[in-house]
Every structure is written in C-alpha cells, then in structure tokens.
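Shared between the two complexes below is subunit A, which pairs with subunit B and subunit C, respectively.
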Partner chain A sequence: MAYSERVIDHYNNPRNVGQLDKGSTEVGTGLVGAPECGDVMRLQIRVNPATQVIEEAKFKTFGCGSAIASSSLATEWIKGRTVDDALGIKNTDIVKELSLPPVKIHCSVLAEDAIRAAIGDWKKKNSAPVAAVAAEAVAVAG
Partner chain B sequence: MFKVIDSAVPIACWSCSIGHNDSTLFCPHCSKIQPPPGGDYFSVFGLEPRLNLDLTALEHEFHRLSRKLHPDRFARAEENEKQWSLADTALLNDAYRTLKDPLRRTEYLLKLLGAEIGAGQESKEEKVARVPADLLEEVFELNMQLEEMRAASKTGVEDPELQAGLEQAKRRFDGLLVEVDQDLRTQWQAWDEGDAAARASAQRRMVALLDRRRYLSNLVRDVTETLGA
Partner chain C sequence: MSTVASQVEVPADVSLPIYMDNHATTPLDPRVLAAMMPYFTEKFGNAASRNHSFGWEAEQAVETAREQIARLIGATAKEIIFTSGATESNNLAIKGIAEMYRERGNHIITQVTEHKAILDTCKRLEKQGYRITYLPVKADGLIDLDDLARAIDEKTILVSIMAANNEIGVLQPIAEIGRLCHERGVLFHTDAVQAVGKVPIDVIADNIDVLSLSGHKIYGPKGVGALYVRRRNPRVQIAAQIDGGGHERGMRSGTLNVPGIVGLGKACEIAREEMASEAAFLTGLRDRLKEKLEANLDYIHVNGSMDHRLPGNLNVSFVYVEGESLLMGINDIAVSSGSACTSATLEPSYVLKALGLGDDVAHSSIRFGMGRFNTQAEVDYVADKVIDVVKHLRKLSPLYEMVLDGIDLSKIQWAAH
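Take a look at the complex of A and B:
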C-alpha cells in the first residue's frame, strides 16, 4: 500500500518534533498508545494562561509513517488555537487531510486521543493550583 | 453463543441427501467429501471452541484428515470432488496453523466471540484505558533509549552504559512476557471451564493481555535488533 504524498511529506519533514518541560504548569502532556500495532505517541502543549491559546506543540511518536504524520499534522493544527477550539479537531479531519486508508484510521484516532490527553493533563494541572492558590490566599487572610 | 451453532444448521449431503451439520469435511452417512464447511476452525476437527487443546491429538487428526483429503485420492472422482479436495485441504491447513499456535488460537477464539458481542463497539476511552499508563511510559522511555543507541552506533561511538541499560531492559521485558503468558494460560482454563460470566471476564482479561503482549514483544524484538546490530 502506498502512502499519500502528504503522509510522506510529514514523515520526511515532521513538524514540531521534540519535548516541552513536563513539570511546567503551562504544559500539558498526553501519552497514548495503539494496542493494535504497538505504536506510542507523546504530544505536549504549552498554553498561555492568560489567553488559553496553545502557543507551542511538540510530539514524539514511535510508530508507522501514518502515526508520525497524524501527530505531526495534529501539532500543526492545534498551534495558535485556544484549548477549547483544539478539542474540536476530529480524527476524521486528519484522515481527510492525509488521505489515510481504512487500515490506518486508528493512527488518526491515536492523534485525536493524544490531543485530548494533553489538554486533559493541562486542565488537571491548572484546576488544582487554583484551589491551592485560593487556600493559600485564605490562609494569608486568616 | 458460538459461531459453531450457525454451522449446526443441517445441510443435505450432495451425494446421499441425508442432512448433517455443516462442519464436517466428509458426510457422516455416505463418507463422501463435502464442500468446505462454514463452521469455525474448531469444528473442522470436531471440537468445541476451547483454549486448552490436546496438541498431540490435534496433530494426529490433522494428519488423518490431510491423508483423506489428498488430491491424489480424487484423481478419478467427479470434478466437484476434485475441487473440494483442494479447497478442503486449504481450509484444513489454515485451521491447523491457527489452532496449533497458542497465541493465534487465543486471538482466533476472541475474534469469534467478538464477532458476536459486537467488535469495534467499545468507546475510544475504553480502548485507551486498556493499555496501562505505566506500561506506555516504559515503552516510550525504552524507545527513546533505542533511538539513542541506534544514533550512537551510526556514528560509531559505543556507549557501554546505554548498552547495559538495554540489556537489562530486555531481561525485564522477557520476564514480563513470561508473566503475561502464565496469566494467559490461567485465563484459558477459566474460559474453558467457566460459566457465561466467568467466560466474559476471562475474555476481557485476555484482550488486555494480548494488547500488553503485543507491546512487549515488539519491544523485545526492537531491543534484540538494536543490540545485535
């Protein structure tokens, strides 16, 4: 089966490969895997706390060309979007853009899962500190 | 519950017209060869679906049926029978290859069951949840080490520490594979001997174990390749 030109382009010139500081509260990390093929994908976002805009996105994927292309495309698409906006990206959009064949659809599902996981992680990090800050404020006031 | 029940629908023998279950290669009444039956691979050997199989008996039955189906025996038979001897032999070979291998047998049985409980119906969340986060973390880390080592071997710089780390990881993953296989065997027994509820639970457990196994065996393969290179 031949890969589409777009897949090959993303595979040869993957956008945004790398990693962000996992410990930063502005960074959300999503690590997902596809048991069907044993692929693993890590997608990270850095969100501007004031605007909720994803300013940076990085990925690292161990898997087939379609999995790499799907995650590369995902990072391109979420950059510059707000967190809520990025959640609107569907795996079917990725399938369309990359002309993925039916046997590779799970790669796009993995990329969508990775976006959700990264945003979920960021949200979790940024709801707890708010409570902690509030508690601290109360403690100071008291 | 099983596909085998579909094949229990009696069909008439083309030769003697007496009805028989659509799972046998030869008519039980007139012994004439039958077209490839529509039942599952277990029924080709006259077995109920189960995971613990007597492999010696299976092999014996495979040889017996192979001999009976051999195209040489049908040199003077009708054209239909000649064709069926080829098609039945192909089916028998597929069935034997699938059932004699424990992993393929397990995957096959799960697929048979999945076809009935609605494969692909699970939500994405469930799918992700099937792979434990700590395993993913480890798989990811090891892949990073592998990549580093491949890059290092390309530049000709040996890194003994990296090498030792990989060897240690390989031993660990080999050990985990053994654990998974032991657990699988326990689930086989639970499935073979259990009631519907026990079977359903063993089935879920086996799906998770096979996923885990796939990750682990891919890793062991990659590590072995990298260490060997």
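Take a look at the complex of A and C:
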C-alpha cells in the first residue's frame, strides 16, 4: 500500500515519543487498543492545573505506520490546547490531515479514543480530592 | 517514496530493491526463458495437431518437458498432466478423486496449515456431503502421525498433506505419511509446490499417489503447473473437472500452453541438476540471517521447526513490533508479513495461529524467502536494515517498554476494538 508523505514523515520522525509519570495528578494516561488486534496506543498528557492547558503530550504506539502517524499527530495537536478544546479533535480531522485510506480509518478512531481516554483519566484524578489515590491504581488499565 | 528512518548504508554490491519473497513467486531463470522463446514465435504449433510438422514439433517439446518433470520427482512421463498452475492441480486432484472414488467412501483427511487451494476445495466438498478431517499441527508446524493413523477409517479415500508450507517452510514427513496411507489402502496426495526442486522428492520411495507442482515457484513461468497421477500400484483415477477436447488422457482438456510447458520442463531440469548445491547455499544464507538477527535483537521468535524446513525459508516474529510497520521501514526489501494489516481479510495468518501463537505474535511476523538469485551481501544488508528498523519501532512500542518494566501483558484488561 502506498503511504502519504505525511504518514511517512510521522513514521520516520515521530513527535513526542516517551512517557510521563502516570502517578502524577497532573498527568492523564490513555491506553487503548489490544495486542491481539495489532494496535495499542498509549497517550499521556500533563495538564497545568491553573490554566487547564495541556503543556506536554507523549505517546508510544504498537501498530502499523498509520497508527503510529495518527498518534504522533494527535500529540502534536493537543499540545497547547485546553482539555476541553482537545476533546473537540475528531478522527475525521486526522484522516484528512494524513490522507488515510478507508482501511486505515480505525487508526484515526483509536487516536481519538486515546485522547479521550487520557483526558478522562486526568479528569477522574482531578474531579474530587479523594479520587486521586484511586485513579492512580487504575491508570495502567486505561 | 521518501526516505525511511533507517540510516543503514547500502553496500556497493547490493542494488535495491531486494527481492526476498521467493515463496510468493520466483524470477524466471534466464536459461528457462531462452528455452521458451522459440515456442512463442517460430515454433508456435498446437501440440494436438497430428497432421503437420508444426504440431509434431510442439508435441515433441511437450513430451521432452514431461520427461524432465518426471525425472525430478521419480515418476514416468506418462504420469504427468499439465495444468494452469498448482491451484488447478490441487482442485483437480481433490475434486477428481472425491468424484471418482465416491462409492468407496466420502472421507478426506487434510491438515490446518494447507494452502487455501486445498482448504477451500475441501470446504466445497463438505457442502456436497463429504466428510473432511482437518488434522491439527504441533507447535513446530508438523502433524502428528498418530493423529493421522487414528483419523483414517473405512470411509477414508484420500489423505492430502502438503510437502512444504508456504509461510513457515515446514516440511511434513511425507515418506512416513505415504507409507501409512499405502498400508491402510488410502490414496495420498501432496501439494508439493514449495518443495519440488528445493528438497528431494521421489514419488516411488515416498509412496505418493498424486502430487501438485507449479512453474513459477521454481524459476519457471507463471500460468503453468502439473499434476503427477500414479499409473501403477495403485493406478489412480481422476474425474476430469474441465471437459473438452480430451487432452492429457482425458483428465484435463484444453490446448496445451507449449511455451509455458517447455519452461516448466527446463526449470525442473535445472532444479534437478542444481538442487544439492543450491540447498546448501540457501541453508547457509538462511542460517546467517537468523544468527545475525538473534545476535542483535531480543524477543524474536522463529516460527516453525528449524530441523524440518525448506532451505530458503525463515519466518520470524519480532515481538512487540507490528509487522506492517516493519515492512514500511524496510520498503526497499520485498518480504511478506503474517500481520492482519497486510491481508485482505484483516485477520492474522491462520498458519501461525495454528502453531498456537497468539494473534499479537502473528501480527509481528515476517517471512523471508531466499532464493537462487539472492546473495550473501543482500542477506547482510537485510539483517542490518531489519535490526535497525525493529530497534526504531521498539522505541515507539508501549508493549516493549511495559515488558522491559516487568509488566505481564496478559494481565492487562485490553480495550479490544
């Protein structure tokens, strides 16, 4: 299959690879997909508690080139946005930006899921003072 | 396509792209092409034309090819039927025997890692009232002969077990299978597409009754294959599946593809003469590739037996790296993957799953198929490139990181999608 230049660029030079301290209350972690399905994305955000702005985003992805590119692009897009603003990112935006063929649309869906899961995890940690400890325990489960 | 992440240098004696997918198809040997050429142009006759020299010339060429093929597998020329390829040969063998021996029984035994040309043919027969037993394979890809012995009953008419697997290169014990079938009075067919010309096969010594082979897997042309049909002890009868002019002793009508047949014959002749030296050469390349990969990468898994294996085959799972993403990084090398993302069905390889591998390991597999025209310099480049790209992708892999951190991936509640 022929990949778009944008996919190849993200594959060769993935942005924001790495991990954040998932124990921190400022960090939200989303782990989506399954090894059996051939793709797993872990997307993490560090949110400024005062401004609600995502100051840092990191990812690691097991999956095809399109899955790697989708998650790499997602970290690029959410950095600098508020969490509410980041929730507005749709998988169709990713499809368009990366020119993904129909067979690869699920990669973009997974990236959107990863953003939502990371933000959801962060919100859970920060919704009530008592929740922070519990959230830590389930962070891995995504 | 733009550059890939890898910075591995291409040696002067290696030109890109490298073809290392010789189980899919092989390049035509120039000696085969030379033998074929006259039969496209001045020697264009129909081998069935009995009353002029154009026909005689074509017929002579076909009979020479029949002889060359027969010699490679220990058969006689009269036992060779020409077809359009191994898919047709497999269909003709199984459907033709099922139809001809219907009154004797309706039970056929095959195994789970056969090519789709066998499995789908058997599935069709099941709809027509035949009973099919699909034997499992062990973790090394081989069938258990005791399973086979137990599966044969009074209604069994045919056992069809491949000689060499197209994905993992595993060689089934066909001599033992043949002996067992003959002891029990059951016909034995083998899809020998990947094995013919690569490892010795002798239809008499191995007790093979019917055998499928193909031109384009042995440096011959596409669109031509053959079926060996035993004429003595026992005489095997096959019901034709294509009716017409009664060519090929009535078993397969249709004007013969003379240039293709000449090419198949020449390919078999070369294979017979060069098999021993070529097998040693390819075993050397394969072992070299395996050793380099194992020396430089952790968590790699060779799929299928190394002891019973085609010389040029290496099937490896680079665990925690998805196969298609690896292919993308090595796009100057032609290999194939068992990853779902590379298949039309979005299912990972059924052959690898039959070995008991998890879907995740199947997703990570690459098949290297080395052949006559590969070089050691190419193998060295391929190894370096694969190592480089796997390392790049593992830096991106959350699974690899988790495993290195001591996390048991099987304990995680994955959100399947």
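The definition used in the following text is that the second predicted complex is superposed on the first by the 125 of 142 C-alpha atoms of A that agree within 3 Å, B and C clash if a C-alpha of one lies under 4 Å from a C-alpha of the other, contacts with A are read in each partner's own complex, and residues count from 1 in each chain.
Throughout what follows, contacts are C-beta pairs under 8 Å (C-beta built on N, C-alpha and C of every residue); 3 or more make two chains touch, one makes a residue touch a chain.
Every value quoted in this text rests on a predicted model; they were computed, and no experiment measured them.
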Of the two partners subunit B and subunit C, indicate the one touching more residues belonging to subunit A. C
What is the contact status of A:Asn12 with respect to subunit B (first) and subunit C (second): first, second, both, or neither? second
A:Pro101 in the overlay: touching subunit B, subunit C, both, or neither? Say first, second, both or neither. neither
Is A:Gly120 in contact with subunit B, with subunit C, with both, or with neither (first, second, both, neither)? neither
Contact-wise, after the overlay, does A:Val32 reach subunit B, subunit C, both or neither (first, second, both, neither)? both
In the superposed view, which residues of subunit A touch subunit B and also subunit C? 31-33, 35-38, 40, 42, 60, 62, 109, 113
Help me check something: in the complex, which residues belonging to subunit A touch subunit C? 2-3, 5, 8-9, 11-14, 17, 19, 31-42, 60-65, 67-68, 103, 106, 109-110, 113, 140-142
Residue set of subunit C touching subunit A in the complex reads 1-5, 320-322, 324-325, 328-329, 339-341, 346, 348, 358-360, 363, 395-401, 407, 409, 412-417
Using the touch definition from the top, list the residues of subunit B that touch subunit A in their complex. 124, 127-128, 130-131, 133, 136-137, 139-140, 143-144, 147, 211-212, 214-215, 218-219
Tell me, which parts of subunit A touch subunit B in their complex? 31-33, 35-38, 40, 42, 60, 62, 109, 112-113, 117
